[in-house]
Structure formats: C-alpha cells, structure tokens
Amino acid sequence: MEARTCAPARTPGAGSGEIAVSHASVGMYDRDGKPLRLVEDCSFRAERGLFTVLIGPSGCGKTTLMNLIAGYIGADRGAVKLDGVDVKGPGWDRLMVFQETALFPWMTTLENVAYGPMVRGIKTMPQIRAEAGALLERFGLGEFKNRYPRELSGGMQRRGELARALINDPLVLLMDEPFRGLDAMTRQLMQEYLTHLFEETRTTTIFVTSEIDEAIFLADRLVVLSRAPARVAAVIEVDLPRPRRFEQLSSARYAALKEEALNLLYAEAAAAFAETGAGADIKEAFEKRHAAD
Amino acid sequence: MKSLASTAAAPPANAVERGTPLASGIKTHLNRHFDLVVGAITLIAFFLAWQFARPLGIPGLSAVEPPTRVVAASWDLLSSATFWTACYKSALRILAGFALAQIIGVPIGLMMATNRMAFHTLFPITEILRPIPPVAWIPVAIIFWPTREMSTVFIVFLGAFWIVLLNTIGGASTIEESYKRAALSLGSSRWHLFRYIVLPATMPSIVTGMVVGMGISWEMVVAAEMIASDTGLGYLLWQSFEINAGAQVIVCMLAIGIAGFVSSALISRVGRLLTPWQGRR
Amino acid sequence: MSRGALSFRAVRKVYDPERKAVLALDGIDLDIAPGEFCAIVGPSGCGKTTLLNAVAGFETVTAGTIQLDGRTLATPGESAAPGEDRIVVFQHGALFPWRSVMWNITCGPVMQGRMSAREANEHGMRLLARVGLKGCEDKYPNDLSGGQKRRVEIVRALVNDPSVLLLDEPFRALDALTKSVMQEYLLELLVQFPKTVFFITHDLEEAIFLGDKVVVFTSRPGRIKEVVTVDIPKPRSHEVLTSARFLELKAALSQVVHTEARRAFEAGEKEMAR
C-alpha cells in the first residue's frame, strides 16, 4: 500500500498551507443599487498548522471573507495569498465545509467522498473507492457509505463533508459555521471530533462561528472581526493547552478568555448600534452589563 | 372561560403531537377504519343512485346508462379487436408525443437555465406560444403536418412539452449555490459540473414535469383523436356517442381513466428510479 | 411562599407509535420545593420536554403520579387540563402576533375576571419597566427583537401568577450576548416574584447560573442521573461565571452530561445503521 491510504496522513504537526489576507476590501451593490462595503482593509494571517477562528457580530462580513479566501469572489483591493501565491478562483487546495451541509444529495456518501479525486482524475476509480471507503471507516461512517445524505443524521453529514474535503489533502480547510443547525450536544461532540482530527492532521484551518464557546474551544487564535464592513478588531491568542479536552471549558483561563472576547464583541455590537440602529438587544445588554460593573 | 390563560400560553400544535400516547394511538387506528367505511358508503350510495336513477327520476343521471348495462357493454367491447386496437393506437401516440417532449424539452430547458444567451434568445418566443392551449393548435396542426397521425402526436407533444420545459428551467436555475461551489472547489470542469451537479440536481423537477406532463398527454390525445383522427380511444368514444351507444361511451371513458392512471403510476415508478436519493413521498 | 411544591413519583412514559413501544421516561422521582429553580439538563430525546408537557397537562403519563401542592396533575388515565397555575414559555414563542404587547400580557387575567383591565394594565406596565421594555406596550410582537419577545413572554407568564413556571429552552435561539442578559433579567424578576421554576436547557452553564438545583437526565429512556444543588448564593450576576465554585460545579457536571450526550449520540447512530 502506498503511504497515503487515509487522506490526512501528513507528517503530524508539520502543518500545511498558510493564508495571508492583506488589506482586502470587498464591496457589492445591494438590490437598490447602493454600494455596500462588506470587507474593508482587512488583514490577518492564518498560520501553518494553526486553527484560526473568525468571530464577529452577525452580518459583519465573515462569510464574505471566507468566500474571498475560497476564491468564489474576488477582492476589489488587497490580496489573498496561499503560501505566498495569489489566490485566483476556487481550488482543491482550499476546501470549504459549508454552513448548511453541502453533500450532494444525489450521491451516496462514498460517491460524495470520491468526487474530488474522481473529477481531478488523479487515480483509478478502484483506488479512489478504496481510499474513500477507508476514510469513511475512520470517520465512523463505514456502515453508511452506500447511504444517501438524507439517510444520515446531522452529525454524520458533517463528518461526511469533512471526509469529502480531507480526502483531497487540502492545504487549508475553510469552515463556515459548519455546525449550525445541530443541537447543542451533538454540536459539542462534533467540536471535540474536529479538535481531535485537527490535532492529528494539523491541517491549517480557518473556522467561522458566532458561538463564543465553540470559538474558544477550537481556536489557537481568535480573530475578532469588527462590525460591518469587516476589519480585524482584535486578535486573541488562545493559550489553552492541546490536546483540548472538554474539561477545559470549566477552567478559569477559559472563563477569562470568554469574558475578554465577549467584551470585545459587546463593544463592536454597541458601536454598530450607534451607527445603524441595528441590534437593539445587544446595545441594551452592553449598557446593562456596564451599569452593573 | 376558565381555560383562557392556557389559551393565552397556547402551545403550538406540534407540542402536543410530538408523541402519540397509547390511548390516542388506538384512536387513530380506529379512525383509519372509520375513514375507509365512510368512503365506501359514499361509493356504494353513488352506484345505487346511478343504477336506480331512471326509476327514481334523478335528473341528469337518468340519461346515463345504468352500471349493469355498462358492465354488459364492456364485456362486448373488451372482447372486440376494435377496442384493443384503439387502446394500442392511443398508447403509441402518447408514447411518441411524450417521449418527444422529453427529448426536446429537457435539453432546451437545461440550456435555457444554464446559458444566459440561450435564455434570452428563446424566452420571448416561449412566452408568446406557451399560453396557447394545445387544443387550439389542432386546426393548424392538421394543415401543417402531412398526416393526421403526425398532427395527433404533435398535439400530445405540445401538451407535455411546456410543462417539461418549465419544470426543467425551474429546477436547473434554482440549484443551491453551495453545491456548485463545493464542486468547483473540488476541481470540477464545466462538463463535470453539468454531468454530476446540474443534471442530477434538476432531475427531481424533470420527474415532476414528466408526471404532470403524462396527465396532460392523455387529455390531449383524447381531444386530438376526437377531431383529427379515425382511430384511438378518443375516436372510439366519440364514435360511440354518434351511434348512440351510451353504455359504450361510459366504457370508453373508464378505459381512458384507467389508462391515464396506469401510465401515471408507471411514470412515477420511472421517476423514483431516476431519483433514488429522494425518499418516497 | 406556600404554593408551588411539585412532586414526581415513579413517573414513567411509554410511547407506542405503531406498536413499537418506546420508553421515554422511567422511574422519575423528584421533588421541587416552592420557589425553587430546578434546571433540567440532558441529551435531546431524553424526555425532558415530555415531562414538562405532562406537568402542563398536554400529555398523560403511563405510570406514576405528578402532584402540585398535593393536587394530582397526572396519573395513568387521568390528567388535569392545562391551566393558569402552570404556565409554559415555549422555545419558539407563542405571543399572538395580531395583538399588542399589552393585550398579550393582560388577556389571561382580564378575561378570567381575576383582575380588572386597569389593574392588569398597571401590573403589566410595572413588569415591562422591570425588564427594560417601558414604551413597548402598544407595539406588536413582531416589532420587537428576539430578546424583547422572550421578555414579554416571561412577563405574560408572571402576570398570570402561576404556581409553577415551565420554561422549555426559552433562550435557545438567542445569541450569546443577549442570552446572558436575558438570564440576568429572569433572575431579577424571580427575586421580586418568586416562583417555582421548571427550566429545560441544553446549556449547562445556563443551568448552573440560573438553577438552585440542576437535574441531569440520562439519554433515552430518560432517568435521573444526578441531582446537584447549586450552593452559590442568589442574587447572582454574570461575575459568578468566573468564580471558583461555579467552575468547580461546571467541571463536575459537564463530565456527567458529556457521558450521557455521547451515549445518546452513539445509540442514535447505531439505531440509524439498522
């Protein structure tokens, strides 16, 4: 057997690609033809082998930023580089795991996972099938490889999608709120699962979420985005030791990090309210909390 | 008025239905039988009224041959070659027209949905022609096509065509963006995108178009045969009417109904084979 | 505080959809004292909501008894009709969108003649002011934000002066920031209007922050796995979230909850494989 039976069999800890977003700006026109600025002069780095989480107030342009990195849209100004090379269009070196699950409903789990290698024609079909089957086995989906996505639970679908991405051995994994829509407990289990997987493969990951617990639990580095248009408001180094265990969610360090991130988000949300009047709840929350302090 | 507070905090209906407790489970079971019984009673009542319409003097219905006579007539008709030839002819026309509608409608629909240029070229003409009922085409079809057979098939084709076209366009232009994006990221070429994403993603809509289209095909074949043909079930129906064979008219009607039902069931079966990833609904 | 003692004795619930008996709840023995805030945590499908529905009078039990202040609410073959002594606040909200906030709040007591329209209005206004919603009384529910709606709903429940407040993940759909403030509002309100609270949540932090007692359910069939008394004095504010005692409780409970969640998850997948 060749070295790469199960896809993410890179030398552990070596890391993969590095994404650098520098001074990127993205705008578009809304339905009435008014220009909207979604991302404004945004710069950050997702370092090799690190788990970078983008967090920010809802509607702040997180998804736009991810689409930019994935290459689905282009920047008006600035650049996105993967290992120093400009990103032009989508590619299998940066794979996206989507918000709502995007397993192709008309393909079985195995066909979904085999899709990337198949269209790229890098191996023979029997090879690809064997590899996809082995990967699914590892993801606990061995019994489900001939099922359609509809017949899987939410948690299984997310794992299937991870497998579909990882079989291609991407340099960077992009995840846009991938656990949205799962119930709280399944979500926590999926977070643990992803953490284990990451700690094993060290595939550079950029992960978008609006859940603060999820963000801190997963991240090596937390990039707090500003209100729209998205800029980087602050970067928090999450120094909780790896391997991460859910027990760490009860540590004092965790609580302090959460407080720090919450305060930053409050401040952004309150400022957004002052500018646009959106998010009355959060503004109130901010005032109430500070009145109590 | 005692329970108003609870109405004030009324649960959404599903809060109560989340599970079926044992007692109400039995009740639903009984209800299902009750539903069947009610349906059967209505059916029997209908046949009785039909049978005894003449002695009872029920207006309208008394002009129709009673069921016993229909049964007798159907025996005669079913053992005649005329009837089976008519069935065969009609079925052949349906098959030809319907198949043509798929063969032409699906590709054009896919093209219109995926190619902006194609859409803007073809859209105006479809918008002008589509609202015209296929039956209204019969005279033109008779003039235009060299044989009556072709005219009939053309009308059937037209009936299914618009539905197929619209469903294909609708399905193919509302494909979830994330599927396409995922496929592009994974390295798909344009052909891959079409073959593995656009086509299967549109398939459920195409199947819907087929099922509806089949229903319309039968309507069209009957209408066209009545006017433009001298064979087929539609013709036989009209012929029976002209020679005043009332019972035979009813038999023809029933035969067309059954044929429509069977072909719809057949198409649904084919549809399930084409979209195995969709649950049975 | 003399009202609102809720007791569960050997409660059991079997669902029988199409003859496939599913045991949803088994051997639930629990006492909630008047004025106590009892938070229930457990994996999805563990029967928490079934239990709440049985208290509310939406569902029956298969065995056992549920009593409120000595009155039987549910026992096999019998269940008390839903009433204003046990008000439910639902996950997705049930405000009447076609009526004003104030009408929503006061309709219950006014229509039952327990208060005059004027009394109810005054009471409603006072409560709205307490939760930072002064000036919202004439708005329609849909003009309010998610957090504001939740508050109106809690106020509506309190105006009815129930013996028990039944809350089914009321803050689930809210973002982290709004949620934390809603929790503080709820605690403040309960200081002023003490009530027995039966609170279902998936969020352990929320359960400990709000609860006098946290009850952990096992995955299906729902049984009581652990009951922990939260000995952090009330009133509490968000500072306790970083206190040593809070973190200690959270660590202990998360172990239990996590084990159950994993079991439920694995059982679920095994079931699907069949």
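Observations on the model:
Order as written gives the chain letters A, B and C; numbering starts at 1 within each chain.
Note that in this section a contact is a pair of C-beta atoms (placed from the backbone, for glycine too) under 8 Å apart; a residue touches a chain by one contact, two chains touch by 3 or more.
The model shown is predicted, which means the values in this text are computed figures rather than measured ones.
The leading chain pair by number of C-beta pairs in contact is A-C.
Nearest to the global CA centroid, when each chain is reduced to the mean of its CA atoms, is chain A. One inter-chain figure worth recording: subunit A and subunit C are separated by 33 Å, centre to centre, where each centre is the mean of the chain's CA atoms. Separating the CA-averaged centres of subunit A and subunit B is a span of 46 Å. With each centre defined as the average position of its C-alpha atoms, the distance from subunit B to subunit C rounds to 50 Å. Residue ranges of subunit A in contact with subunit C, taken from their complex: 58, 140, 143-144, 151-153, 155-156, 183-186, 188-189, 210-213, 246-247, 249-252, 255-256, 258-259, 262, 265-266, 269, 279-282, 284-286, 288-289, 292. Those residues of subunit B that touch subunit A in the complex are listed here as 176, 178-179, 181-189, 192, 196-197, 200-201, 203, 275-279. Taken in their complex, subunit A has these residues touching subunit B: 70-72, 89-92, 94-96, 98-100, 102, 104-107, 115-116, 119-120, 148-150, 164, 168. Contact residues on subunit C toward subunit A in their complex (touch as defined above): 43-44, 132, 145-148, 174-178, 180-181, 184, 202-203, 237-238, 241-242, 244, 247-248, 250-251, 254-255, 257-258, 261-262, 264-265, 268-269, 272-273.
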